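The following pair of complexes shares a single chain, chain A, combined with chain B in the former and chain C in the latter.
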Partner chain A sequence: MIGLLLCLPAALILGLGFVWPVLLLARISFNRTTDMGAMEQAWTLDTYAKIVTDDFTWDLAWNTVTLSAGCAAAAVALALPVTLLIRSADPRWRGLLALLAVAPLLVSGTARVVGWMAILGDQGMINALLTGLGIASDPVRLINNLTGVRIGLTESLMPYCCLVLIAGLSRLDSRLEEAAATLGATRSRTFLRVTLPLAAPALLAAFLLAFVLGVSAFVTPRLMGGGRVFVVATEIFDMALETVDWPAAAALAMLLLGALVLAMVLRGVTAGREAPR
Partner chain B sequence: MRRTLLAAVASLALALPASAQDGGRMTLQAYAGIFRDNYTQTVVAPFTAARGTAVQYFDGGTSAQMLGALRAQRADPQIDVVIMDVTTAAIACAEGLVEKIDASTLPVIADVDEQGRQAGGECGPAVTYDHLVMVYDSRAVTPAPTSLAAMWAPEHRGRVALSAPPNIQGLALTAILAHANGGNWRNLNAAMPRLRELAPSVQTFDPNPDGYTLILNDQVRFATGWNARAQLYSDQSQGRIGVTLPQEGTVFQINTINLVANAKNRAQGLAFMAHALSPEAQAAFTERMFYGPTNSRAQVSAAALSRTALAPEFRSRVIPLDWSEMVRLRDSWNQRWRREVIAAASR
Partner chain C sequence: MKPGWFLRLAAFCGYSLLLAPALLVLVISFSAGDFLNFPPPGFSLRWYAALIDNGQLMAALRNSALLALGVAAIALAAGLPAAYAIARLDFPGRGALAGFLAAPLLLPTLVLGLALLLALQPMRLAATWPGLMLAHAMVAVPFAVRIMTTAFGGVPKDLEEAAWTLGATRFRAALRVTLPLAAPGAIAAGALCFLVSFDETVISLFLVGPRLSTLPVEMFRYAENRTDPLVAALAMTLIGVALAVVLLVERLVGFRRAVGRN
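On to the complex of A and B.
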């Protein structure tokens, strides 16, 4: 009973700040938009039907999933060595190193994207280096395209992966690795046959978190895509704030939310089956 | 303690501007940034000084965001007057978010030119005219270009920033090219070949934060923009940003001024609208920010008028685009841009 009471404030905040707005969004998604853009109160599935039957929606979904999955995998791959380094460091320094790994989260995501735009732009540090060393005669296009979005999104997801992996790997029993070494396994073999399998649940959790964040990412594709990278979040923005088609924006947002919830539920069911009994 | 509190309250009351006590107050929702700065100085402040009405200026962001605020506040409006672009205002009018209004309620409407009266339909009339221009880096592009064709020049490949549809600048550019290549702004097929040719030269189809900044940062040499802001940024950059009304023509971007339905301060709102549409306020804002006046009686200097599309030498270049018709074409144009123009730029 006390436990339930203690949960009440959080439940109220969640209800008012998430559930209620989502219900409002769901309601708007059943409205109708007239030819000239006005929103009419209705209970219709027309907007959903239009979205689902539009080829461009499926292109968007494919773009979003492949971009997020690729960037999530890259972020996990880059975060893993950092986390292993932190794990093997002197315990006195682990806290500080962990803080450094997640320090980018202390800076606003938009500010980091703007920083990347300055670094990767035609007049930026990378292009100055490439042209200065004679590697490229003209600036290489690193922003306003998919490359820029991949770089920015991977960097923005990395700290989250570090957080999950630091927590996950800290629970690994280092005596298992010591035992492998005692039995003659090389460091790489120990890593591949002992550390990595033990870290798999943490790696999967980090990937899932990064994937979900990537699917709903808006700032990076918008600011670094140069209008060439179309993902679900940027399309929702355009529908809501350029064409003012709120029912379409709401319906697409609900479909995205539904897909993510379904993915998480499936993951939960799979994890439940895999769990040792 | 009680005496201290009373003294504090009395001081606060004295500190309030007299205007807030005499002529009531009202809330205006309009664009932020340099629009707000200049509109406050040339239109809002004189109104407050003359009537004693305190005006709270609420930064509305884009017109779509302002529409969002109006929709959210439908049951309890916190805004009295809103300035927004004509297509979004038409939506607000159709949804009953702003009042239908005519010269019997607001006599100054009779002085608004015919286009300005028609633009607002049954709701608020046009309050400013702006138009699409080409902006360029005057240091890198010489001689000053007079035609949009300059953006197609091979030496500027990769140095062009365009706003693709559904952004209205992209729609406006497409309409201008369609008109220039066949005389009918609605004929998208006439514009598409030219846009596909230009696509590889385009560095970004979504300039952030805007084309002017990208030019000043040496990122691009050409962009499209709206005249009023372009003229102001040109002055602020000591001419680094050049502004051209292209010989292919231009289209108006019209802002209308509207009274919010069930406004709490309706009388003050109407008074403000009358002031904003008056010849004096219209002329003052044109002199400051180069938006074309909609009041036909506004007396604007020749120097300021020459930097608007209402100058006699430019009037013939204005293509009579009907934005309410454009709204119906927007989705198909957007799709064609994505499939044929942006895709061509990505190859």
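On to the complex of A and C.
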């Protein structure tokens, strides 16, 4: 009994700041928006119907899914060599290397976008290099478009992938790779036939985490896209604060939540299948 | 096995991508130029001076610092007893409660921000201190509970039982024996809650107003509309605060002890 009492303050904060708002969000998604743009109390699926039958929603969903899947895959592919290097590094350097790999988590997303502006902008580092070397005469547009969002999102997902892979690969027995090398396998063959299959569950877990985070990312798509790249998250934000259509924002947010729950269930199913091994 | 050249090269690419943005922010914040161009035409402290002269941004910095301090205090005060109960006591629904207290971390901050806007706006609590405190405390509490549960779990139960045997009440034993031993965890939890609130952008974007705004929100808006090195100086301020807090924790308790592992 005393245990419940001790948890009461924390539960109260979550009740007021989490449960109640999320329930209200679900409730408001069943309200109706009048032609004047005002919200009308109702129990209707009109808002959902409007969203689901709108082709723009499906474009958004497709953009969001392909963008996050691509960036998640790239993030995993780049995080893997980083993690493998950490794993094979001298123990003296291992801690520092691991810290550097996850340090970006301490830097707010907006601050990192500012850094990307200085790298990818028309007068940024890469364009200065390209024009300086005479490769390009005009600046290449690398930001305020989908390219910028792809680069920024990949980078912002990488530290999470590193976290998952560092944990996942630490349990991987390096003697198996040494045995393969002793038996005459080349480096690439050892990697493809031994390391990669052993790392597959961790790679999948990292990909799914990055995908889920990418689907709901807002700051990077908004800022790196310069307001020209539209994903589900930016659309929810605009519906809530620009057009102030609360039922639509709530319904789209509920659909996003539903999709994320589905992704997590799928992750649970795949993880469950691998557990017995 | 020694890493081959290909692995080294690929890892170098990965690290460059991870670290380049923060390094560029550092360099550009000292730029003497008017734009976010690289290489900068010269170096100066003019944008840090401009930052200090900017009343709106300084007010936002003060708000963010106060908010983060308040949130860290609230999250610790609420999270500490809950974590003690979860780590030490056996009661019906303990597992479910532990899951519930971690639940906000499962939802995207965008959805949480929207939900809080819909809940707080009609009550005129959006863009107020209580509203922002509640919103940030809600995201910070799960971190406080998680870290403190580990910290309490790391304190040997025998010590508390010895105190009981010596006649201490349960409350006194928890307060005088277990809590001081878990203090490094509490410091780390407080620091993390401070940073979670200080860096929180998306939820705040839904909840701020013209009269009450936070530093990350002001930085977001600035980056959305203008591109001069002032925003880099601003970003460095946030990075600097995060680094200072991390180094403080490291000096006070050390990371290993703070996280409760040896």
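Here, the second predicted complex is superposed on the first by the 254 of 277 C-alpha atoms of A that agree within 3 Å, B and C clash if a C-alpha of one lies under 4 Å from a C-alpha of the other, contacts with A are read in each partner's own complex, and residues count from 1 in each chain.
Definition applied: a residue touches a chain if its C-beta (ideal position, glycine included) is under 8 Å from a C-beta of that chain, and two chains touch if they have at least 3 such contacts.
Remember, predicted model here, so these are calculated numbers, not experimental data.
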item: Fit-or-clash call for chain B and chain C when the two complexes are aligned on chain A; value: clash
item: Which superposed partner A:82 touches (first chain B, second chain C, both, neither); value: second
item: Chain B versus chain C as contact partner of A:2, first or second or both or neither; value: second
item: Contacts of A:222 with chain B and chain C, given as first, second, both or neither; value: both
item: Which of chain B and chain C A:241 touches, first, second, both or neither; value: both
item: Touching partner for A:123 - first (chain B), second (chain C), both, neither; value: both
item: Touched partner set for A:66, first chain B, second chain C, both or neither; value: neither
item: Which superposed partner A:170 touches (first chain B, second chain C, both, neither); value: neither
item: Partner, of chain C and chain B, that touches more residues belonging to chain A; value: C
item: Partner chain(s) touched by A:11 [first = chain B, second = chain C, both, neither]; value: second
item: Partner chain in contact with A:230 - chain B first, chain C second, else both or neither; value: first
item: Intersection of the chain A residues that touch chain B with those that touch chain C; value: 117, 121, 123, 222-223, 227, 240-241, 246
item: In the complex, chain A residues that touch chain C; value: 1-4, 6-7, 9-14, 16-18, 20-22, 24-25, 28, 78-79, 81-82, 84-85, 88-89, 100-101, 103-104, 106-119, 121, 123-125, 128, 154-155, 158-159, 162, 174, 177-178, 181, 187, 216, 218-219, 222-223, 227, 233, 236-237, 240-241, 246, 249-250, 253, 256-257, 260, 264
item: Chain B residues within the chain A interface of the complex; value: 62, 64-65, 67-68, 71, 87-88, 90-91, 94-95, 158, 163-164, 166-167, 203-206, 208, 217-219, 324, 327-328, 330-331, 334-335, 338, 342, 345-346
item: Chain C to chain A touching residues, read off their complex; value: 1-4, 6-8, 10-11, 13-15, 17-25, 27-28, 35-39, 74, 77-79, 81-82, 84-86, 89-91, 93-94, 97, 100-101, 103-104, 106-112, 114-120, 134-135, 137-138, 141, 145, 195, 199, 201-202, 205-206, 216, 219-220, 223-224, 227, 231-232, 235-236, 238-239, 242-243, 246
item: Touch list for chain A against partner chain B, complex; value: 34-39, 56, 117, 121-123, 141, 144-145, 222-223, 225-228, 230, 238, 240-244, 246
